[in-house]
Amino acid sequence: MELYLYIALFAPLVGSLFSALFGMTPKTYLTGYIASGLLFTSFVSSAILLTYVMGGHTVHVEMMTWMATGDLYIPFGFVVDQVSVVMMMVVTIVSTVVHIYSVGYMDHDKGFNRFFAWLSAFVFSMMVLVMSDNFAGLFIGWEGVGLCSWGLIGFWYHKESATWAANEAFIMNRIADLGMLIGIFMLYWNVGSLQYDVVFAEIGNLPIVIITWIGIFLFIGAMGKSAQFPLHTWLADAMEGPTPVSALIHAATMVTAGVYLVVRANPIYDLIPNVGLFIASLGAFVALFAASMALVNRDMKRIIAYSTLSQLGYMFVAAGLGAYWVALFHLMAHAFFKALLFLGAGNVMHAMHDELDPFKMGGLRKVMKGTFIMMTLASVALAGIYPFAGFFSKDLILEVGFVEHHYVIYTVLLLTAGLTAFYSFRLVALIFHGEERYKLFGIHPHEAYKFMLVAMSPLLLLAMIAGSFKMTYYQLVINLLPSTQYHVHNEVTFWIMTIGTQLFVMAAILFAYKKYSNWNSVPDGSSKMENSFGYKLLWNQYYIPKFYEEVFSKPYLELSKIAWKQIDLKIVDATVDMIANAIYKTGENTRDIQNGNLSTMLRWMVFGLIVLLALAVAFTVGYNAVSA
Amino acid sequence: MEITLTHYLVLSSVLFAIGLIGVMRRKNLLMLFFATEILLNATNVAFAAISHYMGDLSGQMFAFFIIAIAASEVAIGLGLLIVWYKRTGKIDLDQMNSMRG
Amino acid sequence: MIDHILTLLIFFPALAAMLGFVVTKDSMRAYGIAVAFIEFILSLWLWYAYDPMVSGMQFMESMPLIPAFGINYLLGVDGISLFIIILSTFFTLLGIGSLTETRHVKNLIITLLFLEMTMVGVFAALDAIVFYVFWELSLVPMLYIIGAWGGPLRIYASIKFFLYTFTGSLVMLVGMLFMAYFYYQATGQWSFSILEWYRLILPENFQLWLFAAFFIGFAIKVPMFPFHTWLPYAHGQAPTIGSVILAAILLKMGTYAFVRFSLPLFPDASVFFMFPIAIIAIIMIIYTAMVAYAQEDIKQVVAYSSVSHMGVIILGTFALNVEGVSGSVFLMLAHGVVSGALFLLVGVIYDRRHTKLMSEFGGLASVMPRYATIFGIMMMASVGLPLTINFVGEFLSLLGFYKQSHMLTLTAGVAIIVGAIYMLSAYKKAFFGTVTNEENRNLKDVNKTELFGLIPLVIVAIWLGVYPKPVLGPINNSVESIIQLMHDKAQSPEAKERIPNLSESKKIISMKEAN
Amino acid sequence: MFEAIAFYLFAALTIVMFTITVMTSQALYAITAMAAGMIFISAFFFILGADFLGAIQIIVYTGAVMALYAFGMMFFDTTRNVVEKRTNPQIVFVLGVLAAVMVVAIFVAPIVSNNIQALYPIDAAIGNTQAIGMVLFTKYLVPFELAAVMLLVAMIGGIVLAGKKMDKSLTLMAEEDIGSMDDSIEPQAGGH
């Protein structure tokens, strides 16, 4: 089994290095095929490992030492257990699909080979992240995915906005990574090891304050990667990257790493329910907060990005309330339908020549039937309609909130579910229904390549049927995660809740259809709604990016300039130069002594004589005083 | 009212101070030489007095050699002075400033 | 020959440099590469022959110089100095190999070989006077390199460099003389041998003063805030090769000396000064990172980033535990590799455009993809991405210091954020965007000579990031012995507590294993 | 008593004479006052029993040195008023007085006189001149010979210097002239 582990892990790396070899040469399909093929290999290996793990075994290997000094010992160790194998499956499935899809999507791009190098490197980092058996290894993957995300967001590096977004994402993640690093330090100095098994076995012996701090710092790391408030702004900006990247990184895998971390560290968070409650509350807040921003946005990809953010909030609610398996399950289901949604959006973008405003589209269902069906079904799944994946995972989270008696959280999530349904179908309605507004802009849309649609179909299938795996999945992961079942015990309440939620969501969908399916004009900012305060607030993302810009970025730049021009040059360096100049000046001034006038020299000589004599007198007096 | 060594030393100091004032005050090189002679003589007095009161001949020896040095100094010094005078026609100290730094 | 390998390592380049005067101009480069290569092979042989399990000094050589004052020609290496010596020979080889300077190449190569002698000498010396001699001698070739091949302000820069560091080292010399005097008072014999000084337990107030004297010499060399201002000028004016050697090796002398002198000689003073120095280090890290962010000249960005990283090294050194000190020693190597490579890279673009202003560039990624890739890798290494060489050092340094202070480590950890900010924004300015300047449109990508210097550095940067064990192991052993020595020598209860007792923990572990 | 009167008398005379030497603007007065001062100084030597030194003082100073100075005076034509620029005369006096005070302070301090031991005690039985001769030609023979050589050198030096023609001076010549002189001397030494 170790062989499969290594294949699953290193196949993407090989693909990445192979593609990187061709990084400087013109496009060759070879890189795309090889990278996709290797990814598929990795997927197959993961699947084999899955069956193995389902048999009740786990695989744990230690490849080699990484760092060892003092008492610190960090190996490159990998573990395939019930949790990581689920993640591996999610990662490999989505990335295989995205790889194949990208062969078509990046067809006309000059950086074709480079794209595959980055993309496969990302998958490798992600695999390291999920498979590592210690926190340091997790951190390698953690930073690795950050790097690849940087490279892929800024893939079109000639675009100012893309590179800016790439840097923003990297730096924001770094802020969170610092928190995670501190959490790792605390673990090391309190436990003495970073191996999961050792840490989780010993964590209970620590004082609760320390565990709380560890939990908080690790969660700060998770907040950055999963774009939780207040570190969320990078995710929407990250949509500057190519759409397959958004599908793979910013919807399905990387952003869920934070959830994975909390799930993985469940023995820690189990001990600190207060932090868990905070995580859940923050998650609920982010769910609503992000959904509200998605309501008014006019950028197709950003709407889906906010939706991702909102769903990540759901996952954190589940994880924070201790329902780790539910969080992981929603993570999995979400990965499928959100990736599908993004890939569909990619098709639309291609068709519309990179136009992103859904108000400029409309009526596309006629030309893009396949994409239309896929995106609609993905949206249905996202909204949580029975029997699609979202129903099983998302409604479960609502139930968790209800069963755990956190009714505020429950209400917020319920409201968000309605909003989710509304904005998803607002998008679908605007893109695929109504008048063909794109004709105003002289665009001739076309459906994507066949094989791209075929490549997307596994995701479609999974988005539809993932819910049926629920029990199998549950049996699998309870080996590692707390096995609490979340059932509303009162039969009547359960049915009222379930049906009520469904009806509420349907109502939201219908409302969205009614409002937007017959839209016939492109808004130009003159309507009454667009000038209302609420709309402006949401449109400007609560003014948070602007706030960051004004409060952090600009002052930091200004402060840096002051530090350089005022402090470093005018104070620190000037002090040094002043000392040097003082010495020079002293020389310059005393130069008059050496004016060559013998008479003056004689006077100085006498002066010196007197000084020496005075010293002699003083020392003699002093000497006598001491000896007496 | 006995004359002690201190009397001589004070006298010598006073003469030395007069010599110093001369050295600092004079600008004419020849007159400056006079002042240096005074300095040398002041020390000679001190040496002779110490020699006498300590009952040691070394002081007189030193004074003797100082006189020898003074003599040679005058010879060389005047020679140089003549050279300088031939070149510039003046023996004013303020004009000898080629060592200006 | 292996018994005298250190002498050979020190004086072979010097001898070769003297012979170099008779070599003709055309064959000088080949001669220089050959000499540097032989020297590098010798240093590798040193590594091969080095026994990683021994924590003490190896290949010791001793010869009396001035017996009356106990001054001996005393050499030796341990895990700490071994790799810095290899780094020195490595960088001299790469520097000469990828030399693009055309003026007075012969003199330049001879100077570099002399510089190599002084560098190896500093790291191999175990006698304070011999150490001091090489320490000061190293200034001369660097002064010459900056002064003769530098930019328009080269005279100002080189004089500033020389006087500044020279002033510091004079204070250090006074400290050394006092130290020897104390040794004389304590034992009745003169000795300048560092190893013998190690055995001396000084009263705490003496330690404080001596520590301060040594500190000034080292701090200026490092350079620590607020003594850092000579560095931007030196880097700004020095030719590429000068900057590379300066950043990669010469700065390491200061941090190396902290580990070699300050820690084991003055354990109590080290603990006493730990927090003030940590605060200076944090100021260095954050403040210079901000200054780097404000720079317009890409070389200055790298120069200030050096200062910022040196702050992390200092922090690791004063963690006073094995993790931190090993990390800081490793980070010395890492920073040498990475900043050396970055200076080489800046040199590449300077050779082509004769400007280092970032505003002149933009969009280089499409014109010079290979260059951009290598620069990107090195930038990421500098930012401290895991699996690159810098991460190992930074991680261990911060990890070590976390034991001493939580809040300060949290503040120092901002390094990873601010580091990313200035590096990424510099990279963005120079490489991303569209080509706006017509002159940049036809720039040639890196050529073979330049790759000769860059490729090995990339390999090392990744190799040691993935598998640091061959280097970290010997470092760890030597650092453990130093920490144990410090613990044993420490007098104040605070120092006893702050510096871990390894023999005890080892005992516990072995007991556990026995059970 | 007699000794005291003599001391004070000669001390006063010497001080006055030397003050005139230093302060007067007439060269003739100065040289005359100095000659007188020298002779008065020799009086102290006689009082102190250093007869030989006193004799030497009169011979050398009043005889030789004064003659030289008188010659110099005539040569430089300083018989009339010597015009000198005075700068900061106060400082001169302050420095002079300070020096005197310092020296006196040291001389009157007790430790100086207490720590001296006679190396070559004066034997009352032999005359001063004889005693000096004995010490001079035994213990101080080498310095004596050196002094002799020095005087000889001084004499030759004086003659040479006074007789030298001074039509060329390297220090006062312009750089180019020196360069051209170099060329004329060694034309083959071209490229530096």
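By written order: A, B, C and D. Residues from 1 in each chain.
To be clear about the criterion, contacts are C-beta pairs under 8 Å (C-beta built on N, C-alpha and C of every residue); 3 or more make two chains touch, one makes a residue touch a chain.
This is a predicted model, so every value here is computed, not measured.
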| item | value |
| --- | --- |
| Shared interface partners, meaning chains that touch chain A and chain C | none |
| Chain A-chain B separation of Cα centroids, rounded to whole Å | 94 |
| Inter-chain centre distance, chain A versus chain D - centres from mean C-alpha coordinates, in Å | 96 |
| Centre distance in Å when chain B and chain D are each reduced to the mean of their C-alpha atoms | 4 |
| Distance from chain D to chain C - Cα centre to Cα centre, in angstrom | 65 |
| Multi-partner residues of chain A (at least 2 other chains) | 599, 603, 606 |
| Residues of chain D engaged with two or more neighbouring chains | 91-92, 95-96, 99, 103 |
| Sites on chain B at which at least two other chains make contact | 20, 24, 27, 94, 98 |
| Chain-level touch network, classified as line, ring, star, complete or other | other |
| Pairs of chains found to touch, sorted by chain label | A-B, A-C, A-D, B-D |
| Residue numbers on chain B that touch chain D, as the complex places them | 1-3, 5-22, 24-28, 30-31, 33-35, 37-38, 41, 44-45, 48-58, 60-61, 63-65, 67-76, 78-83, 85-87, 91-92, 94, 98 |
| Chain B residues touching chain A - in the complex, by the definition given at the top | 20, 23-24, 27, 93-94, 96-101 |
| Parts of chain A lying in touch with chain C, wherever the complex brings them together | 23-24, 64-72, 136, 139-140, 143-144, 147, 150, 154, 157-158, 160, 163-164, 166-167, 170-171, 174-175, 177-178, 181-182, 184-186, 188-189, 556-557, 559-561, 563-565, 567-568, 572-573, 575-576, 580 |
| Touch list for chain D against partner chain A, complex | 87, 91-92, 95-96, 98-99, 102-103, 105-106, 109, 111 |
| Chain C - residues contacting chain A, complex | 160, 163-164, 225-226, 228-230, 287, 290-291, 293-295, 321-323, 326-327, 363, 365-366, 369-370, 373, 380, 385-387, 391-392, 395-396, 398-399, 402-403, 406, 409-410, 413-414, 416-417, 420-421, 424-425, 428, 431-434, 466-469, 472-473, 475-476, 479-480, 505 |
